[in-house]
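These are the structures in question, set out in turn.
Below, subunit A partners subunit B and then partners subunit C, in two separate complexes.
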Partner chain A sequence: MNDSTSRHQTSDPILGCVVGLLIIIGVVMVYSSSAVVAGEKYNDPYYFLKRQMLWVFIGFIALRITRSMDYRLLEKFAYPILFGAFLLLIAVMIPGLGKEVGGARRWLTLGGANFQPSEIAKIAIIIFIAKSLVKRSDQLKNFAYGYLPNVIVLGFFFVPILFQPDFGTALIIGVVALLMLFIAGIRTRFLAYSFLAVIPLVISAVTGAEYRMRRIFAFLDPWQDPSDTGFQAIQSFYAFGRGGIWGVGLGDGSQKLFYLPEAHTDFIFSVIGEELGFIGAVFIVILFGTFIWRGFAAALNAKDPFGAHVAVGITLLIGIQAFINMGVAIGLLPTKGLTLPFISMGGSSLVVLMMSAGVLLNISQHPVKK
Partner chain B sequence: MSSFHRFNIESLDSLKGKIRIYAILAVISFLCLWMRIWYLQILKGDSFEELAKNNRMRMVSLAPFRGELKDRNEETLVGVRPSFNLYITPEDVENISETLDFLAETITFDRKLLNKAIKHTRSFKNILIKADVSREDVAFVEENKMRLPGIQIQAEPLRSYKYGNMAAHVFGYLGEISKNRLLEEEGDFYRSGDLVGKDGIEKIFESTLKGQKGLKEVEVDVSGRELAVLRRLPPVGGNVVTLTLDSILQQTAEKALSGVPGEPFSGALVLMKVKTGEILAAVSKPSFDPNLFAGGISRRNWRGLLFDEMHPLQNRVVQGQYPPGSIHKIVVALAGLEEGIVDEKTTFYCPGYYNLGRGKYRCWKRGGHGKVDIHKALKESCDVYFYNLGNKLGVDTIARYANQFGLGRLTGIPLFGEKPGLAPTEKWKLKSKGENWYPGETISASIGQGFNLVTPIQQAVLLAGVANNGTIVKPFLVKKIESLKGQLIQEFSPEIKIKGNISEKSLEIVRDGLRAVVNEDGGTGRRSRLPDIIVSGKTGTAQVVRMKSGDVPEEEDTPFLFRDHAWFAAFAPYDDPEIAISVLVEHGGHGGSAAAPIARKVLKKYFELYPPASKIQAEFSSTVN
Partner chain C sequence: MSKKKTASNSDMPESFTSRLGIIFSFFAVFALALCVRLSYLQISQHDILSAQSEKQYQLTVKIDYGRGQILDRNGTPLATNLETESIYASPQIIFDKEKTAQALSKSLGLDLASLRKKISSKKQFVWIKRKCTFAEAENVRQLGLAGINFVMEHKRFYPKRELASSVIGFVGMDNQGLSGVELRHHSYLKGFTQLKIMEKDARGRSVSSFDSANANKGSRDVRLTIDEVIQFTTELHLREQVEKFHAKSGFAVVMDPYSGEILALANIPGFNPNQYMSYKPSTWTNHVVSSSYEPGSIFKPIVASAILDKGMIQPEETFFCENGSFKFGRTYIREAANHRFGDLSLKEIIAKSSNIGSVKVAQKLGEENFYDYIKRFGFGEKTGVDLPGESGGQLKSLEEWSQRSIASISFGQEIGVTPLQMVSALSAIANGGRLMQPKIAQAIMKDGKEIKVFPSRAIKRAISPKASKKMTDILKSAVKDGTGKNAILEGYDVAGKTGTAQKMDPETKSYSETGYIASFIGFVPAESPRLAILVMIDEPKEKHWGGTVAAPVFHKIAKQVLRYLNVPSSKEQVFILDRA
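Presenting the complex of A and B:
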């Protein structure tokens, strides 16, 4: 049984197929949704397509590396990774290094390419919490030793992320971290306390500015203000409405032309709904559902608890982000600037996502007889 | 495996149980998504589709008016005028070639280029047939609307340079934004095809001149025609930039700095306020018409300008580097006085030549000047006096004083591509040529030939410095920036660049010599004399081909491109200097004959427009008496 030479390792083929399909659909949809805008702005309809393909290529290499590398190395290097991610977040705050786009300072520019350190922070925190849960597995019922260290680290990361400001990322990191803690058996009481502590902060932030509140609750009734706060939601509904069952056909959507903002990033799901119809949209939902299913399966079959926790974290991260993005597009959730994993146009974030998928595939490896 | 031991059964079970909870939650969430999509696309699909059909709102961006450029007296020199542009919307035309045939009967346009554009553009988009058509053409199109479906005239703002060629090098020109610029640009202002400033003030002040784009939300019919305007966010025009230029002086200078019509002429002129550094006029010839660029320049015109042998796009005022010629004697004279090598009484004997080693260096006056003191040396521009003085000073000392007057350095005038010129030193030669400095080269340097290089703006700054107690000011071109409503946004004030420490006595001696150049018998610059204002200046001749053994051929025998450049630089009035001028005529020959009369015309106009206080007082008292 310990003779590993007689065994061959394969990662979950279903999981691999799902990720591959999502990425291919992404490339096609990024082109479809950006060609007209890119042609108008850069005089080059392939502008975003070319970039997306380049990032997919880089991401694929990253995926191959993380898939074949033993994930237990991550446990060993959890602290350096965490520290590095934190330094990058701090670097964004330094005026010369960080790049400000539309009032938010989220980007680092390196050799002409921009990347978002908060993407790396997400994965670094998942690795850290997984390691911490394994290390403290005997003391999870202990508030000071089992729970507090994790929360303190989270707090340290929230400061630069909220400074950017990037509420979407902070929210998703917080939710994923708490769900990971819960699954490991941290007392529900601790989690409840944390919630109670955060709620007043959230309420004061939201209600503090009336316009922010209107923007957040606009999704409940977008027709109240169709030309301003409700505009995106309504235009997205129109896209889905036009799509019907079979869609208007790839490339033939018209909502992306003038009405949908950020058609190739935040609202790419609406373009899918219009061009590929109910069938296409549900297919995407099923793909993400399958991803979650296989991700959890990988966690259950993991060789050690660290692998299980990391698998759960990555699955939750990608699943929740996909859920929020799709939920926004169809008017279930308030507008939040989160992209659709693997599909939205994205540079460094796509690479980090593919790296995470590689780790997940590595964890899913299980011995099979030759 | 050890990890399995740590993974105790109890926690494994709890993990499994909790993952199951998550899985159930995930299934519920995704079912919600599914139901909502079903609701949107199937249940309500038809009604949304119906609503989307009425979704005929379109955002049209509105171009702002580019900010105006005004002269110091608030006259608009560069503005915006409406231009009537002829467009075709291929989708609305049944038979394109027939329509175009009919159009071509009256209006000439590039058919080949248009056909190519039609092929490569989406059919619902407008394609430009011809920009800036005449009023007659507009009338023709309007009268024959029925026969010209899909052809429209649109009035669009066009950059307009009121005086054509005038001050083109200061204003710069517009051109289509480059791809790199578009990629670097943050924000969402520019689109491919937008015009941006490519040179001069248009480029430097692009961000303040461009204004803010507006937005129009329009309702359109099925074919995209505008039915109604729903919302309008008007564009905000660019800010108004007020220049230091004086339109009348600039025009006078442009007219004065010109040759015989039909013959090649090139040169530069700068007129600058001595105390502040405000540029009143700056001319570089040959010039170009920035209006050619205003609607996007044609390839042929662009190549014509780019490959013209006379380089009309070059701004000779700041980019033209020439040997300073005898104007450099001002620097050498000041160096000699300050270093105590000569005083006003020191004389040298000029037999018409000067011997150093085996070399024989000629004075421009073959017969020699005889006994020469500094006053006569400047007045008559005696070369031998400065050979003697320069040899005693050494080239490094000359360079040090040249630097003190801003030579060999950028003046800092806010124009692109300014050249620093060159004040050579021994170290410089060793570094750039890998050779030692020869004593004979100091002789050439002391009369401003050899390696020395200056720009016309530097000559003006030098004369201003001499007039202004050795203080070097930074020349500037923009007085202020105001919003369209007249609110002051930024005001520019004079800046002192070098606080000179040249003694007043030395400056006084040199200024007196410069006064003599223009006003005394035998002076080389007498052709710049004005009847009631004392002009002080210096002529110069920049050698284009270095002469061997001092044979000076007659000007008429020399091919044009090998003829010397003519310089004249001056300040006025002598008592209370207000204004400095520098004039360069390329291949003009002697400064006294070619450049000084040009300076005279400009200075005369200046004092007509701005009579000096002393003169006003004199006139006042004469009328009282």
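Presenting the complex of A and C:
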């Protein structure tokens, strides 16, 4: 719209530094935690490093684009994006297209690369909710017009996601959407009702699948069954314990070798805890805390309500994922297959994350002080 | 959080900032919780968790290393150890499980499916193949597979192969005693060592080492009463005769009658304990202690000893032997080979092995006395020898005796005795009347020194020395003038008794016309016996008389063993006396 002025604006430097640091730490830790395994498995210690760097490169280009484009385009194309994301989720359900990994069909293969449509769905929902909130800003106290349409769209998305099944993503999307609505000023009552309505569903979903039950029991008492379900949790505790205050040193961790499953993805925080110690782990917590702080600040300072809502959504999405991942690694939450944003080894998901970060940086832009 | 509110989003509701603040404080609280939990795990639990994680990098596997040797009475090893390599896997550090399983399957010839299963297991340690040949270990080493490692183990080795195999027994894969002395004296023999396996370097190579502090902590040797030379001689002559008469099997025991020490114990056919799995399990049985047989005529000395000990007859008293047919109850008792004897003295009854005579003696003795002496000689109960799987034989209690039992038992039917019980009873007659407990282990040794000696033990007195002396005279004449002439030794007086027992046909429950056990029991020199010997040959073909089939084996064994033990013959004694 006003391209000439935005060129003289600068995005939040703290937010930019935080994202940059997280990505750099990610590249280093992915290499540290995967080198031995990659060497044994692929005869190339740099196997995962190379891939991570490639995705960071692609992600960086995506970030540059989303940071400098006019984010209002997202508002304009909110419905096509939403529809496209929904179609991709449906495509996963089609046996020939969706790729099944470990009993769950979550992936689409596109030009040799796998990606999860649910990653795009997360962003699409955030954009949709933001647009919806702007559109209905004067009806937020109205259940039927202000609240219900959002929940109906959410419900439509839950069907293919739970079909995969991907309980974790459904939970994240639901929490992020509801928190966006809450912050935007929806009546707390509406949220409370939906919450009460969802509880039985959550309980049946948790108790319905045995592996979810076991995950939860393992979290409550990992020592009960150290050879099976509780194994991951215990190995993660060992990693943190071994790290002590200062860590055993970058690259010198032992737990990542054979004991921590998915050391370069789901349990990368444990590797950080072992190699960089309490100091390193707390630094990561602080980085994500800062990210949330600056993300919310961007929302408060946003030029328009749509930007504010999108900023809230993206901050919540990344912040919640990060805190859940860290909470799982140190045994505060049940084991959940979530990655640590920006840090964990990731392919297309990293690109989506960096795109989101670009949007957030874009929103954080404000005129340079005169 | 930034509190300043810019004009740009003034169209946001009032609650936006406050609700954002609420959510942000949730994050802040959770971030604080993360830090608290991190400080708990990383600072206060640092030592405990580090120690626990170290433990899982180290794995301790119990391996029986340095199992004690089994030695003969002169210290010759009968069971010892060989160093061999075993291959194990640490499944957690094997990445390419399929490739590893296939490579191992190919070079060791093991089942691929079971290897896959082993390598995919969640354990930190699984055996792939234990106690490999040198070539097998070398082939696998050449493959250089990650997570596949080697450890030295001790494999049991029996240098004398079949020799005394039924006594020594054998061990399983973990060197656990499974039979014989290996089983019975396992608590002394078992080695003790822990193997420490440590995942040492980042490439997942494991390093294993013995816990040197515990090495050789066990390792005590067992010295047997068996004499390798006597054992060899016994097995040699027994095997010769078993083969010559195409017999099913043969047993022999050589015992020191005074101490109960078993100098030789042979089961033919035996097995090679180095490859016991390739023999039929039935060949592993030590029949001398575990199986009982109807003894037949070799049991007659028991009834004779009893009546002598009781003093119920005069030396010249005779028994009328009914001219070979004695109606006893509803059945007739006849003599072997249809002999017809008239009046026989006790000595003649034994020498000629008269069935009717034995019955008459038993009748005179009476059921109760007879039963009492059977028990005194140790029949019907285990001898207590230190070998596993001992049978007590079959002796009916007095209440179970039928009217005919006293007659049948008097010539060795209707009673089951183990060859070891028989030779113990014989030793009691030989040694002046004391029933000795047979023994196979003489001492426990450590570093060549005796740390425990098993003393000889008299169980009870069977008969008086006087009765023993009289019985010896009778048994001497049974050899010299009776059925045992083939046992006569030049220069030594032999006391002995032949036996030819018809085997009970398990199907018809009647005595077989073709299946016999030919046996001979005897001791030598008769006046101060050094050896009590039993020979039993099971189902010899063509000939079946104890005097023909079993007595010659006694003769050959006794002759060589007496010379080996430098037992002076009567000629030598005369020579010595002349010099004096």
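As a convention for this text, the second predicted complex is superposed on the first by the 355 of 370 C-alpha atoms of A that agree within 3 Å, B and C clash if a C-alpha of one lies under 4 Å from a C-alpha of the other, contacts with A are read in each partner's own complex, and residues count from 1 in each chain.
Here, contacts are C-beta pairs under 8 Å (C-beta built on N, C-alpha and C of every residue); 3 or more make two chains touch, one makes a residue touch a chain.
In this text, all values refer to a predicted model and were calculated from it rather than measured experimentally.
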* Does the subunit A-based superposition show subunit B and subunit C clashing or fitting? -> clash
* Taking the superposition as given, does A:P341 touch the first partner, subunit B, the second, subunit C, both, or neither? -> neither
* Using the touch definition from the top, say if A:G146 reaches subunit B (first), subunit C (second), both or neither. => neither
* To do: Check the residue A:N43 against both partner chains and state whether it touches subunit B (first), subunit C (second), both, or neither.
  => first
* Looking at the overlay, does A:S137 come into contact with subunit B only (first), subunit C only (second), both, or neither? -> both
* To do: Would you sort A:G26 into first (subunit B), second (subunit C), both or neither based on which partner it touches?
  => neither
* **Touched partner set for A:V285, first subunit B, second subunit C, both or neither** => both
* To do: Return first, second, both or neither, reflecting whether A:N301 touches subunit B, subunit C, both chains, or no partner chain.
  => second
* Identify the partner contact of A:F182: answer first if only subunit B is touched, second if only subunit C is, both if each is, neither if none is. => both
* Asked: After lining up the shared chain so the two structures overlap, which partner does A:G230 touch, if you call subunit B first and subunit C second: first, second, both or neither?
  -> neither
* **Region of subunit C that runs into subunit B when the structures are aligned on their shared chain, from 115-123, 169-177 or 457-465** => 115-123
* Overlap of the subunit B and subunit C footprints on subunit A, listed as residue numbers -> 40-41, 137, 179, 182-185, 227, 237-245, 255, 258-259, 273, 277-278, 281-282, 285, 288-289, 292-293, 296, 299-300, 303-305, 308, 312, 316, 319, 323, 326-327, 330-332
* subunit B residues within the subunit A interface of the complex -> 1, 3-4, 6-7, 11, 14-16, 18-19, 22-23, 26-27, 29-30, 32-34, 36-38, 40-42, 44-49, 51-52, 55, 57-59, 179, 182-183, 186, 191-193, 217, 231
* **subunit A to subunit B touching residues, read off their complex** => 2, 40-43, 100-101, 134, 137, 179, 182-185, 227, 235, 237-245, 255, 258-259, 273, 277-278, 281-282, 285, 288-289, 292-293, 296, 299-300, 303-306, 308, 312, 316, 319, 323, 326-327, 330-332
* Structure fact -> Touching subunit C in the complex, subunit A uses residues 36-37, 39-41, 137, 140, 179, 182-185, 227-228, 237-245, 254-255, 257-259, 273, 277-278, 281-282, 285-286, 288-289, 292-293, 296-297, 299-305, 308, 312, 316, 319, 323, 326-327, 330-332, 366
* Footprint of subunit A on subunit C - complex, ascending -> 1-2, 4-6, 8-9, 11-13, 15-17, 19-20, 23-24, 27-28, 30-31, 33-35, 37-39, 41-43, 45-46, 48-50, 52-53, 56-57, 92-93, 95-96, 122, 146, 199, 202-204
